[in-house]
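We call the chains A, B, C and D, going by the order they appear; numbering starts again at 1 in every chain.
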Amino acid sequence: MIKAGIVGGTGYTGVELLRLLAQHDQVEVVAITSRGEAGRRLDELFPNLRGVYDLAFQEPDVELLAACDVVFFATPHNVAMQMVPELLAAGTRVVDLSADYRIRDAELWSRWYGEPHASPELLAEAVYGLPEMHRESLRSARLVACAGCYPTAIQLGLLPLLQAGVVEPRGLVASAASGASGAGRQAKVDNLLSETAGSFKAYGVSGHRHLPEIEQGLTEAAGEAVSLTFVPHLLPMVRGIHATLFARLTDRSADLQRLFEDHYRDEPFVDVLPAGVYPQTRTVKGANRCQLGISVPQDRDTVVVMSTIDNLVKGASGQALQCMNIMFGLPEKAGLAQVGLLP
Amino acid sequence: MIKAGIVGGTGYTGVELLRLLAQHDQVEVVAITSRGEAGRRLDELFPNLRGVYDLAFQEPDVELLAACDVVFFATPHNVAMQMVPELLAAGTRVVDLSADYRIRDAELWSRWYGEPHASPELLAEAVYGLPEMHRESLRSARLVACAGCYPTAIQLGLLPLLQAGVVEPRGLVASAASGASGAGRQAKVDNLLSETAGSFKAYGVSGHRHLPEIEQGLTEAAGEAVSLTFVPHLLPMVRGIHATLFARLTDRSADLQRLFEDHYRDEPFVDVLPAGVYPQTRTVKGANRCQLGISVPQDRDTVVVMSTIDNLVKGASGQALQCMNIMFGLPEKAGLAQVGLLP
Amino acid sequence: MIKAGIVGGTGYTGVELLRLLAQHDQVEVVAITSRGEAGRRLDELFPNLRGVYDLAFQEPDVELLAACDVVFFATPHNVAMQMVPELLAAGTRVVDLSADYRIRDAELWSRWYGEPHASPELLAEAVYGLPEMHRESLRSARLVACAGCYPTAIQLGLLPLLQAGVVEPRGLVASAASGASGAGRQAKVDNLLSETAGSFKAYGVSGHRHLPEIEQGLTEAAGEAVSLTFVPHLLPMVRGIHATLFARLTDRSADLQRLFEDHYRDEPFVDVLPAGVYPQTRTVKGANRCQLGISVPQDRDTVVVMSTIDNLVKGASGQALQCMNIMFGLPEKAGLAQVGLLP
Amino acid sequence: MIKAGIVGGTGYTGVELLRLLAQHDQVEVVAITSRGEAGRRLDELFPNLRGVYDLAFQEPDVELLAACDVVFFATPHNVAMQMVPELLAAGTRVVDLSADYRIRDAELWSRWYGEPHASPELLAEAVYGLPEMHRESLRSARLVACAGCYPTAIQLGLLPLLQAGVVEPRGLVASAASGASGAGRQAKVDNLLSETAGSFKAYGVSGHRHLPEIEQGLTEAAGEAVSLTFVPHLLPMVRGIHATLFARLTDRSADLQRLFEDHYRDEPFVDVLPAGVYPQTRTVKGANRCQLGISVPQDRDTVVVMSTIDNLVKGASGQALQCMNIMFGLPEKAGLAQVGLLP
């Protein structure tokens, strides 16, 4: 039985991780921490967990966490990078759901996150937690930096095209939209139901923090510099990311449907839909799954890829669990068998 | 391995039953029927099931279904009552999610459903599928008439009060609200998103078909005639029922919180919330669970009980599976371990 | 031209009042105040008002406001009662949308609002702003305490029954539901879209602050003590209140449809729907209108009245404007001609 | 007083036109037709119009309509083109909200709409109803083909760039999203709340009927052939279109903010937001307004324009009324003063 700790369990990725772990028979959650809610029962905050866990929040404490085999950070950025060095030193493995170790260049990280990196010496070691790109490295990883939500949807949609070299690597466009849970469980006027229901808007247009992470991954895949215009939007709903991706074809004769099907044939959590079928966020709700649809409108020179995930599952907690399964040599699907909730 | 068939698999209770059965390791779905979609792959209609079932819809056929150990009817009323006699005769057990066998009085049934009952001889045998009331009878049942969605929420909220005799059995009020999935997957203008989103209304006020079913159950529990004013409302959301129940106390000294906790202490799927906590539909979404909250506002003489379920789970397919588990002597929680999806 | 000031213009009732006043040709908004946003342009906060008003928020200042003919308080409670005495002394008339002057008994007010009343000497003078009850007194009022949102919907639904004496005045039940805008534009986790969308819950069950206000009005109408069990619920939508009201008939022969039609025949903003038709919140969205439907389910002894308003219009800013029109001898419909936005 | 008739008044653009016309003091609606609802009172179908119109639906009849000064077609395609020749011959002017006369090439129209055009001789005369492009021609038009909803949002967002010649006219991308009211008031399973709420998807990716209309307008504006990849998406909400537009800059030194502000300086219904501010659909809800935001992310070579309208107002009925005002020499804002409904 793997002993797991969760830092920052009061947010949406925390409660989602707990939902998934409840169906994982080889992991036991032994500690869950929160500065703000220490002492409060977990199921008081999240009544869906009543009868499932008999736990209360504790103050984050390295000693407590170091007793775990694995610690998940379900925190905003700038928390993990303070505690991870000590945990690794104690032999505890870390799956970080935050952005702290996703960008390999400490200088670039600082520019986007507005502060120096607290443990830049670990950036080279951290494995980027997108199993479809780095499964082998994950097996022995001590520290995993889970891919962000938008980066997961966008990279999974563009990887096959870039690796096959059938599109121009510059001038890519990603018009993506996320449910409000992506903004976290924080009291902000902008995220009130009255401010967001029945409305749609773009945000972070001039530059979203997920951009460098995505360009880093795509550049690696393409083997040459990639440039992307990325516009995120806020959807009036809770869960789900839909990325609509545009790229100019360099090879109009390529069989793109087959390209995608071949690329993801052995991936347990990436599902290429039949030709002519487009994904919806609702068919992956609650499931650790990315569904992809491909189209070349009017048979012209631009390919459109639609990529959907549940931002809290394949875009966060499900992916974290998938990475953990790989790290510990468990079946990759353990705890991740939930079927999407439809309708 | 229990062989199961599903009649009417194109509706929401059908796809929900399939979602739950995917996690039940002792049931195999061998047939799923639909007149309208015969020949079409199941996962074409419901992409959340891709990779989970390798099935296509078939024409409903008694021979096909009689080869099953159990057949679920996830149909509108007036389908099951035509086919059930033959299936029972063939030794197949039946779990009917529709209204056909819920009312014991064939005459009363006809009045509410506007046609004669096709197999009234089975009404006496059919066991009402609300395990919290009829668990013992379910064990040996050949034919189960699963409780309706509103009736489940309302009866579970009022049973402890009526059985204990602490409220007046006449003049009960149930103001209940359901998500739109309760109206089924049928093309009607009234159920379009543009007609229902951002709005709320009552419907069926002069008389809803669930009324006689509820009064039948409550009268049985009270041991005397019960009268209820039941007003259902349509919520601008997909899943969930919330019933707000009002009853006049005859005994103002009763400890109602303890009464409910004692009543449901051993029930695996009824959760009495702590005093002062009220349920939300979102904490039971996707879960086979009823959560209850109790209050006596201003310490006056009216008790208010709030009862929430997911109409498609504890109000339909989850309940059907729970009944089936009892019928076949399986652990009652088999296939029903899913934690509610929050947020 | 009437010079109007608005205190607390950053909330939803403030922006709604501005929307309505933009179509009132005899009122000019000359000042709008906000402590938090002083100096900021109004249309920066509310881009729907771009090109409509050329105003910026100012610090609330009695001198500034005293130069107005009328001042609207679109504030939380405990703001108006501090400033109103000075404004009245300066000859400015006041329409208070908050709760400060709604309850005539200062002691009762203190019990529900948890602090002493700052200007109890004005409680006797304040006219309760529900024109359907107090139109005559409003004509000469210096200080109007606009009815709350739930109280408007509930009182308009029960008044005809109580005044006609056809129902028991005790044991009334109001099961009401409001869109999230009723909770205001405040940063609270509970009101995030991710916490409320796709869900429904009761709140304030043990005692909501609107209860004493409603019982005060109903008691006045009935001419005897009235008792009400009031349970408010939160709807996953922005605007609208729906109240479902239950009362026991003392006279089962009364023609209730005609009773309501006669009662509201001359009211410009109360619309009794035809028999058998029930209201929806969406048909009054954006309109200063209450729509009512009446039913006696199963012809038994309980009458059900359904009452809908837009909480921000007839439940707040529209009502305030209607009161102001009466106070200043203007046509009651001035600025209130907007048709409900459907769909 | 202008006598107006409306053909097809049972859909969303019909009821919206009626809402707007209720505030237009120089137009009287004298006839409203519907094959399916003939004989039924208008306000029975649309209770928001109770007390506003005293009209019932009539069978569509050319004689009846020819007695009007202007007839609006709020119909699906293939209705107007059958009746318009007779109406024009009778001296009645026509504002067609449908697609029948939008595309000047009859052959191209047939290819996209799957049938021959019934009155191709009128295509050359019909004026495309986008006042920001064709105001002068509208003044004397007998037949106006109102711009579609997506085409309005997209063309208004791209026109300034193309006319100024600062972007490449080929390889344009429009990722746009619409509320469900754009799909009309038709009973289809795909548009049920249970199928669309809480979800997001692309549709019509391989080719949407608005594509040729948009390319026709943009090509005219650019003075050279334009090619666009257009992907529409369905939003889980009722009203609003948001178009996110991507173009490659040929002149990176251009001051795009000023370009847009200058271009639309005198337009009463196009609002260029300040630099750094992005539009939301909710701030134009119910208003005849297009709000635009401009950004060049990361100061690279791609410009992003965000364009929002209410699909039923500036995207349909408001635009129709704006065109009619111009045709009849009335103030362009008559009946269009409604402020957006926020929240």
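Here is the rule we use: a residue touches a chain if its C-beta (ideal position, glycine included) is under 8 Å from a C-beta of that chain, and two chains touch if they have at least 3 such contacts.
Given the structure is predicted, the values throughout are model-derived calculations rather than measurements.
> Looking at CA centres, what chain is most distant from subunit C?
Max centre-to-centre separation from subunit C belongs to A.
> Among the chain pairs A-B, A-C or A-D, which one reproduces the interface of C-D, with more than half of its contact pairs identical by residue number?
Of the listed options, the interface copy of C-D is A-B.
> Check A-B against B-C and say which one is joined by more contacting C-beta pairs.
Contact tally favours B-C.
> What is the distance, in whole Å, between the centres of subunit B and subunit D, each centre taken as the mean of its C-alpha atoms?
Using C-alpha averages as centres, the distance is 45 Å.
> Just how far, in Å, is the C-alpha centre of subunit B from the one of subunit A?
36
> Between subunit B and subunit C, what distance separates the C-alpha centroids? Give it in angstrom.
39
> Which residue numbers or ranges of subunit D touch two or more of the other chains?
Residue numbers touching two or more other chains: 12, 179, 181, 185, 194-195, 197-198, 236-239, 279-280, 282, 285, 343.
> Would you mind writing out the residues of subunit A in touch with subunit C in their complex?
The touching residues are 12, 179-181, 183, 185-189, 191-198, 236-238.
> Sort out for me which residues of subunit D touch subunit A in the complex.
171, 173, 175, 177, 179, 194-195, 197-203, 205-207, 211, 227, 229-231, 233, 235-240, 242, 244, 246, 248, 276, 278-282, 285, 293, 295, 297-298, 300-302, 304, 306, 308, 343
> In their shared complex, at which residues does subunit B touch subunit A?
12, 15, 18-19, 22-23, 46-52, 181, 185, 197-198, 238-239, 271, 273, 277, 279-280, 282-287, 291, 337-343
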